[in-house]
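Multiple structures are listed underneath, in structure tokens.
Shared chain: chain A. Partners: chain B in the first complex, chain C in the second.
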Partner chain A sequence: MSGARRMKLAPYLFISPFFLGYAVFFVYPVLRSLYLSFFEQQGVRSQPRFVGFENYLQLLSDGLFLKALLNTTYYAAGSVFVIVPAALGLALLLTARGLHGREFFRLFFFAPYFTSGVVIAIIFSIVFSRDYGLINNYLLAPLGLPKVEWLRNPVAIMPAIILVGLWHYLGVNALYFLVGLQNIPPELKEAAVIDGAGSWQLFRYVTLPLLRPILIFVVTIAIIGSYNLFAEPAVLLGAEGGPNNAGLFMTMYLYLVGFRFLDFGYASAIGYALALIIIALTLLQLRLMGVFREE
Partner chain B sequence: MIDARTGSKARLTAIVRWAQWRRSIRLLLIHLVLLAGVVLTGAPYLYTITGSFKENSEIFSLPLRFWPQEPTLTNYQRLLSGSEIPFLRQMGNSAVVAVAQTALTLLVVSMVGWGFAKYEFAGKRVLFLALLATLTIPFQVTLVPLFLLMLRLRWVDTYWAIVLPGAVNAFGVFFMRQAMLAVPRDLLDAARIDGASEWGLFWRIGLPLSRGALSVMGLLIFVSSWNDYLWPLIVLRTQQKFTYPLGLATLVGLYKVEYGMILAGAFLASLPVIALFVAGRNQLLQNLTIGSIRG
Partner chain C sequence: MAGTRTITRRRLLQAAGLGGLGLVLAACGRAAPQGGTPQASSGSSQVQLELWTFVNTHARWWRAMAEDYRKKVNPGFQLKVSEIAYQDLFDKLRIAIQSGGVGAPDIADVEQGAFGGFLRGGSPGFVDLTDRLQTEGYMDQLVASREALYSYNGKTYGIEHALCPVVLYYRADVWEAAGVDPTRFSTWEDYILGAKQVARSGVHALPFPAHDVLLRQRGEDYFDQAGKVKLDSPLSVETMEWILALKYQHGIAEETPDSDQAWWAAVKEGKFVSVVGADWYAGFLKDNVPELKGKWRAVALPAWEKGGRRTSCSGGTGACILDTSQHVEEAWKFLKHSMLSVEGNVRRYEMTNLYPPFKPAWKSPRLHVKDEYFGGQDLGELFSQLGPDVPPQYQSPFRTELNTKLEASMQAVLRRQRPAADVFKQVANEIRREMSEE
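So, the complex of A and B:
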């Protein structure tokens, strides 16, 4: 084969296996899901019946869907306003000059990121147990505080799940921030210090603005991650999300509707609603962070 | 004159000393906060491990004891005997799936990455944008139609249903493309003149020069496959075919009182990940953020 023809053909051969899979396992399901969302189909064998936008309208009055949406948004707010700031704080501590064991700390806090969701649920079911749990016995009891029913009291369930998220994702987010902090030129900080900036001013007017790209990235994956959450709440609380469905998340509801009730049309509509919410939230967040502002 | 000078010098040393003292107090506080974080992060894990060597009667007795009174292997014996679930087999299943997933995905994504990094071809921009789109559409959208497709292909309860769709990993493509951009063009041209085939360039030059990125990507794929719960839960049906997260979740559902055994399973399932994490920690910390932030 001639060199020129070879160079023309080769890239297509390299990319074709992937794009074949991409067409079959991604493009087709995405389109099929949109189609299904306009039909009613109960079970594998039943005939689909066209219902137009009925599935989508039904979502608006579906108590469980709205509950799952509320819960998931609660968790997303927790991860953006609790987990992300905590991770930034941790990253700042880890850059302190003269710190001993920096490598150890970095690795240690990062390690939980690799733990399976099911294993995390198992670990945290003994952390949250009312009578034999670590929090109630080792943290609350010494302070004279009463025992909390972390997984049975609907009010306590979401804070408990956010705590699980904090444990799982603190270190990896801190790692992202660390990369950003390392990329800040030291001269900038020195200049600010010479101009008389205190440590808060240094953080507020030098560090934080320069961290913006990383912050945007971390907040985006925190939001997406919230809507993907499944294994931890499903194993900790059961598929329905525990008492009063207080721990029912969006992906759990999709699983229930699609794979327990086999209501494929409605589950597809939930999937699309979920996609729209994630995209809207991401765009809103990018807007708030000023990504679209002309500079 | 002389007195005044020594006086100001003394004042200066006092100020310097005070500043040094303040700094070391601050540093001490930072260490204490980080150590407290280590204890809070590590305690649940450690308690899981110590708990797996306790009799159930000890796990559920007050006051809580962190270390087992009479260490026992009963939990491990019962778990591995397979009387409740075929746990060893399920760990083996997970290993087969994760290894196959890692090998296949690495091959497929590095081929596409190579195609995008080293060739110009018609449609390159469009295809790359199509890949970008994959990252904005959440996977939940595809769950129902993908399951229906697996039913039609008769792949339900087989590992094809997990491994093949799993290889369509857009993030992996970005990551590998980013790494492969660094392979020098001159080297490839020289090898072409020496008669190397395009596949040979990829296999003998591209892959070896991207070893760092390949090992990090491989580790991430392996761990996420090893830990995956939702999709295997949807497509696997029989205990004998289950991966370990499904097995552990059934244990949690069925035998809430047999907690020691569940903890033993959680610990055993985490061992391979811990080993990989320890072995690949430096590579990971250096490369984890490449694809996500600069990409």
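So, the complex of A and C:
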């Protein structure tokens, strides 16, 4: 009896370190911040005051929150409609026949992914410099284009951040697509070619449908990653997101409210709003891509 | 045989699992708030203090002072100095204070810009040093206006490291070549006249000076002594308009370039030939443009009217004792030995280039050395002359919030896309609303 119980206990103890850590460092903070989001607490050592849904209602009329939501959505759109297609294009190029130095290019485009966002932001603060930067002096000037104030012009700030995202995440997304492309059975393509399909038709009616599971995965990760982006814009522009808060992301606003303005309750409400938005967008996206459709 | 081994292994696993649980429980136990009754420690006891700072030069100085204290006062004294990145230090410190002192240091360097955040809420988490500073006579030895940065509601929570007097740094070679002698400026009017001789296409006399620095030179600030918001005062708006005129009317100033690297590159190329900066800016120049050695000089700021104040203040860092510390008395004794002694202050100037706010140290010959970078000029002499005039900067729990909001709109003001009066009024009113809600 006692031996049998011991036998049952052992496996649970064996896996317990992970669950204990998970409970302490994930479940508890998640529940605690839900609780906090119904309170107002200003600064350290102050007494929290119960305010019900006031924090959530305040979000709806908070200009900075709405601005951060808009900025973050802008980036997410850039992520889905610029970075993901570019990654797919790159993956197609990397699988092209007769490509020399294939291994080199794979590593070349994947390497930025190993680097921390903070380091990338510091490098790009030099790259984006108006007078001394790489882009203005070596890409735009030879084409006769005017200098862009990447980090000072509110209109140019989001494109600049998307450019950083493109550089950082292109390779890893291309890698996912590469795996997907390699799993497409060559006989399907051969059959389509024999049926007279051109390269566009081949891509549109054979490759793309078969890539759908990968595409769903990549787009989902891109959306979640976009709404969680913090390090790059925060380091490039400062926590307030630069001139006119043009680069203020939701995570940065959460950080500002929680750690600079020390309103932990309101910051928790921002965190939950962020989580709800991510869940809603992911479900919408999965639905649009037909994940819930009966096969 | 095999059976016993299985049981042994299982026992081991169970023990490990319970051990892990024990660790978690132990961690929870520590998280319980610790009582605020610090125990006094005697003179030569074994005591280890922990100190957090965010600058490597400070860390070096703290370690040197700890060594000195161990030799001269308490041989059992140990100081563990941790260098933590600027923003991280204050985030961690707040979390430590909020959780009742878990993992908190005994002493922390708190930068003046971050200090206001600690005034928000129940209590700042630092030991009130007012009585100690007053009864032991230190308040008269420190430049009083500097202590305002770490004071609120009549209580002083920190001791300032640096006097931070603001001066005008200028490229002597360039100004001389234009036939202008900046040492003869007495007012900003003189400066503008002279600067017009120096400014040419691509060469600016100076970057836009910081609005708050010039405002303090004129005796006002974003908050007044009572904590009221003064950002949108007539003097504040007028000062901003004056700064804008430096570029749009006089053609002598330009916006600071968009990154630190771009700024120093521009300085190196001689695109900016003077700059308004505090004492610590001398160290910035030496570190970032060493090739301009011998070409820079410093003079007192031009005054707003003849006979007016010739300096301001910018920056600062205070040493604070955490009220969760178990060794408050030892920490105070160590701070007296390091922060409130002539030797400590002189050593700090030698090691960090921060001119001390501790007046008895000003006479030390070691604070008056000829600086080759500044063509043999004795900067210490200039700083100590200006020291008594350094204006106060008042602290507010809402300063971080005001600065964060103002920062986002400052560029629109500097480019005249929005009138300064409107922006200042809007930010000031937002902060006033926040204050009334609390």
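We take it that the second predicted complex is superposed on the first by the 288 of 295 C-alpha atoms of A that agree within 3 Å, B and C clash if a C-alpha of one lies under 4 Å from a C-alpha of the other, contacts with A are read in each partner's own complex, and residues count from 1 in each chain.
Keep in mind that, in the parts below, a contact is a pair of C-beta atoms (placed from the backbone, for glycine too) under 8 Å apart; a residue touches a chain by one contact, two chains touch by 3 or more.
Given the structure is predicted, the values throughout are model-derived calculations rather than measurements.
Colleague: Mind checking the superposed model to see whether chain B and chain C fit together on chain A or clash?
Modeller: The answer is clash.
Colleague: Which touches a greater number of chain A residues, chain B or chain C?
Modeller: The partner making contact with more of chain A's residues is B.
Colleague: Contacts for A:Phe259 in the overlay, against chain B (first) and chain C (second): which applies, first, second, both or neither?
Modeller: A:Phe259: touches chain B and chain C.
Colleague: After superposition on the shared chain, which partner residues are touched by A:Ala111: those of chain B (first), chain C (second), both, or neither?
Modeller: First partner only, chain B.
Colleague: Quick one: is A:Phe81 in contact with chain B, with chain C, with both, or with neither? Answer first, second, both or neither.
Modeller: Neither chain B nor chain C is touched by A:Phe81.
Colleague: Name the contact category of A:Tyr205: first (chain B only), second (chain C only), both, or neither.
Modeller: neither
Colleague: Once the shared chain is lined up, is A:Phe53 touching chain B (first), chain C (second), both, or neither of them?
Modeller: Neither chain B nor chain C is touched by A:Phe53.
Colleague: Of the listed stretches 148-156, 184-192, 202-210 or 220-228, mark the one in chain B with C-alpha atoms clashing against chain C.
Modeller: Stretch flagged for C-alpha clashes with chain C: 148-156.
Colleague: Under the contact definition given at the top, report the residues of chain A touching chain B in one complex and chain C in the other.
Modeller: In chain A, positions 6, 10, 13-14, 17, 24, 44, 125-126, 131-132, 259 sit in both the chain B and chain C interfaces.
Colleague: What residues of chain A sit close enough to touch chain C in their complex?
Modeller: Spelled out, the residues of chain A in touch with chain C are 6, 9-10, 13-14, 16-17, 20, 24, 41-47, 125-126, 128-133, 149-152, 238-245, 248, 256, 259-262.
Colleague: Can you tell me which positions in chain A touch chain B when the two form their complex?
Modeller: For chain A paired with chain B, touching residues are 3, 6-8, 10-15, 17-19, 21-22, 24-26, 28-30, 32-33, 36, 44, 90, 93-94, 96, 98-100, 105-112, 114-119, 121-127, 131-132, 134, 137-138, 167, 170-171, 175-176, 179-180, 213-214, 217, 224, 227-228, 230-231, 234-235, 250-251, 254-255, 258-259, 264, 267-268, 270-272, 274-275, 278-279, 282.
Colleague: Once bound in the complex, which stretches of chain C touch chain A?
Modeller: That would be residues 10, 13-14, 16-18, 20-21, 24, 27, 91, 94, 97-98, 117-125, 257-259, 261-262, 265-266, 397, 400-401, 404-405, 407-412, 438 of chain C.
Colleague: Touching chain A in the complex: which residues of chain B?
Modeller: Per the touch definition, chain B meets chain A at residues 23, 26-27, 30-31, 33-34, 37-38, 41-45, 47-48, 51, 59-64, 108-109, 111-112, 114-116, 118-121, 124, 127, 130-131, 134, 136-149, 151, 164-165, 167-168, 173, 192, 198-199, 202, 223, 226-227, 229-230, 233-234, 245, 248-249, 252, 259, 262-263, 265-266, 269-270, 273-274, 277, 281, 285, 288-289, 292-293.
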